[in-house]
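Below are two complexes that have subunit A in common, paired first with subunit B and then with subunit C.
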Partner chain A sequence: MTDDPHGDVLTAPLTIEYPFKRTTGPVVGAFLTALREGFLVGIKGSDGRVLVPPTEYDPMTGEDLTEVVEVGPAGTVTTWAWVRHPGSKAPVDRPFAWALIRPDGADTALLGAVDAGAIGSMATGMKVEPVWAEEREGSITDITCWTAVAG
Partner chain B sequence: MRDVAIIGFAQTPHVRRQPHLNEVEMLMPVLEEVRAAAKVTKDDIGFTVSGSTDYLAGVGFSFVMTLDGVGPWPPIQESHVEMDGAFALYEAWVKLQLGDVDCALIYGYGKSSPGPIHEVMSRQLDPYNVAPLWPDQISLAAMQARVGLEGKAFTEEQMAEVASRSRRNALDNPNAQLRWDRSVEEILAEEPIVDPLRRSDCPPISDGAAAVIIAAGDVARDHCERPAWIRGIDHRIDPMALGLRDLGESPSARLAGEKAGVGAGGFDIAELHAPFTHQELILRAALGLGDEVAVNPSGGALAANPVMATGLVRFGEAAQRIIDGTAGRAVAHCTSGPCLQQNLVAVLEGEN
Partner chain C sequence: MTEILLPARLQDVEAVRSVRTPASIQYSYTPGQASSRYLKGIAQRKIIGARVEPGAKVYVPPRGADPQLGKPTTEQVEVGDRGTLVSFCVVNVSFHGGTQEIPYTTGNILLDGSDQPIMHLIQECPVDQVRIGMRLEAVWVDDADLGPTMESIRWFRPLDEPDLDVHIPGEDRPLWLDSEEFNQ
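On to the complex of A and B.
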């Protein structure tokens, strides 16, 4: 079982869980509710920039933010990483890209998985759109992945 | 402000896995060694503070068990941060500023080997928008590297140079885990694992621990011939969301560096907590460190990465070189969070 010179070490499986339910509030809640309904929202920051995902407070000034606006759902890849060997938790079961995606009408980007098939199909600046889950529950995973916009 | 200095440092050898030792057993020799190095006894220590994470230990309040290693009876003044031990050092520095304590013991430890570390570390991310997607650290770092590469802030050759130099420096560090001598060309010939990162751009997975003792004013001078004085120390944080900031630079490192007094320059060495090669390049730019500064003579996080101790090791390695007289002035740095989100910067100096 082991080549450790100190001999076998007893081990037992352990799954860490933090099985809390959270109240998501008017901003995060609005984002998650929109995902369930199949669209994306952001929020206007103090300087007028549209932040996606929306934040409850302005990240620079700390001001409370309230003006939720619809964005996307198509967007632009601002950076990406090509995963050659997806792990068991990966959202796509073949090589894919993690990407930051700036939805149309937004000034910031959110994380998503782009199922592009091949690394040669990926580029910063490419247009992508979300693939929505059939059954949506108000979670970021309601977007199963993103794909290139045809044309 | 009280003058406060690092007067002792000790660490374990950092290894891929340490299955036959629990955290207390891993830490005990280090605690003994650091007290010996600083010539202090348990009674001299007025405050004890540690950095570790329950996510690695798999147990809530896991740091309480590790307190057995310091002997918490009769009761001691004690604290803990769910962060790298370098942030525990910052807390200890603040505690010494209050004036009722003159000497503090800081330790950090982590065993990354028992679980799937990349999945475990994804649990530190935004619980609504990011963590449910389970992105791993290498992928997040790779997105950051691409921003810098495509923005022409640095090149793949520069990244490979960091990879090569770090492991070559580690040849002189008996506690390092990855120690080798490979050329930039050899590294560039590697296939990427998560494009644009190659294996050599990434840190090893390590089990290990470190401890530091700090003391104020004459207490430091009494116990150490050449204390490593903390001339400035500052911690700054960038916004949590990865898409809210330009990943190709580190505003929080720049600001922390300014506040800590890095701008005055004159550094012999810098120990930067940069787990990925491009992060060293981003930090050097943010801190304004020129080629005359020897960065990570220990090999840095690319040569040994005991999570929750890696940053404290940077402080210890920088201080040790001042204590032993091989450096006069040093930058010590620790990061936390994805893609250099948080940065703690200190300026250390010996007395002439």
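On to the complex of A and C.
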């Protein structure tokens, strides 16, 4: 605790942590395994659309989904928001975009951080590709961020 | 279980089966004026509660108001660092972030002069000898380690004094587990 310079009130940093460990099941497990191996997978929905990240059940019909398919890894930005002041836990330590990215071959988009350098370099419809972490462990953070595809 | 069809690249590698997703939230905590006074007292080995007026309940730690009277507790009252155990829990299961060796006891301790128990660790007493009504005293850290934190009290330990009958407010009977009245 430290004294408030403007009065007689104390303040102190306080961290609350929950150490969750979750089992993934075979579908989310396949997605995370693919991340560890350095590629992306989705799953075929009952109408043939490819969902990324893969879901265990069809979001429209509730049917079990079983056919895991490779997608991307490059994709298209479908929408985005620019972060001017990245927080301490942001994946990029300079201004970046949180974006929904539809991987090639997929019909849905997943959330990712695009390190575009400047807001003027961001555009809906731009092509991006993942930057893979050097050491991957089967986690969404195995993609450190996404960057624009050259050309 | 439904069979999942995997692309060739995933068929010969070890599958991820679990994932750690720790959640952590960082706050800047302020205890407010009333509890700040209390914590500053702790840094000087003093336990300072507060009440609305003489005769009103003394709250430790003070939160700035008397919840029964609905009035600000403007009067500071120093209470003792000795007290009576009014309830306790023996912890037998370890947990993430736990720093004590199990089994150990945490207790609600009604400090002498206070009307509201505080929770703290009980040590220097085997867990099977902890009982409601036992008298306890605070064991403070060394002067150099004193600070505005409850960690300035290392734990409470038994006093060589007779146990007291403990009453729950509104219940006119002792809570002393092996007392005749309790077991009737």
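Heads up, the rule we're going with is that the second predicted complex is superposed on the first by the 137 of 151 C-alpha atoms of A that agree within 3 Å, B and C clash if a C-alpha of one lies under 4 Å from a C-alpha of the other, contacts with A are read in each partner's own complex, and residues count from 1 in each chain.
In this section, contacts are C-beta pairs under 8 Å (C-beta built on N, C-alpha and C of every residue); 3 or more make two chains touch, one makes a residue touch a chain.
Nothing here was measured: the structure is a model prediction, and the numbers come from that model.
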First (subunit B), second (subunit C), both or neither touched by A:Glu70: second
Touching partner for A:Ala133 - first (subunit B), second (subunit C), both, neither: neither
First, second, both or neither for A:Ala148, with subunit B first and subunit C second: neither
Which superposed partner A:Thr24 touches (first subunit B, second subunit C, both, neither): both
Contacts of A:Pro59 with subunit B and subunit C, given as first, second, both or neither: first
Contacts of A:Leu32 with subunit B and subunit C, given as first, second, both or neither: both
Partner chain in contact with A:Val9 - subunit B first, subunit C second, else both or neither: both
Touching both subunit B and subunit C, residues of subunit A: 4, 7, 9, 11, 14, 16, 18, 22, 24, 32, 139
Touching residues (chain side subunit B, partner subunit A) in the complex: 19-20, 55, 58, 114-116, 118-120, 122-123, 127-130, 132-136, 138-140, 142-147, 150, 192-197, 239-244, 247
Partner subunit A, residues of subunit C touching it in the complex: 1-7, 9-10, 13-33, 36-37, 39-40, 96-97, 147-149
Complex contacts: residues of subunit A adjacent to subunit C: 1, 4, 7-24, 26-27, 29-30, 32-34, 36-37, 39, 41, 64, 66-70, 138-139
Subunit A - residues contacting subunit B, complex: 2, 4, 6-7, 9, 11, 14, 16, 18, 22, 24, 28, 31-32, 51-53, 55, 59-60, 78-85, 87, 89-91, 98-100, 102, 108-113, 119, 124, 139-141
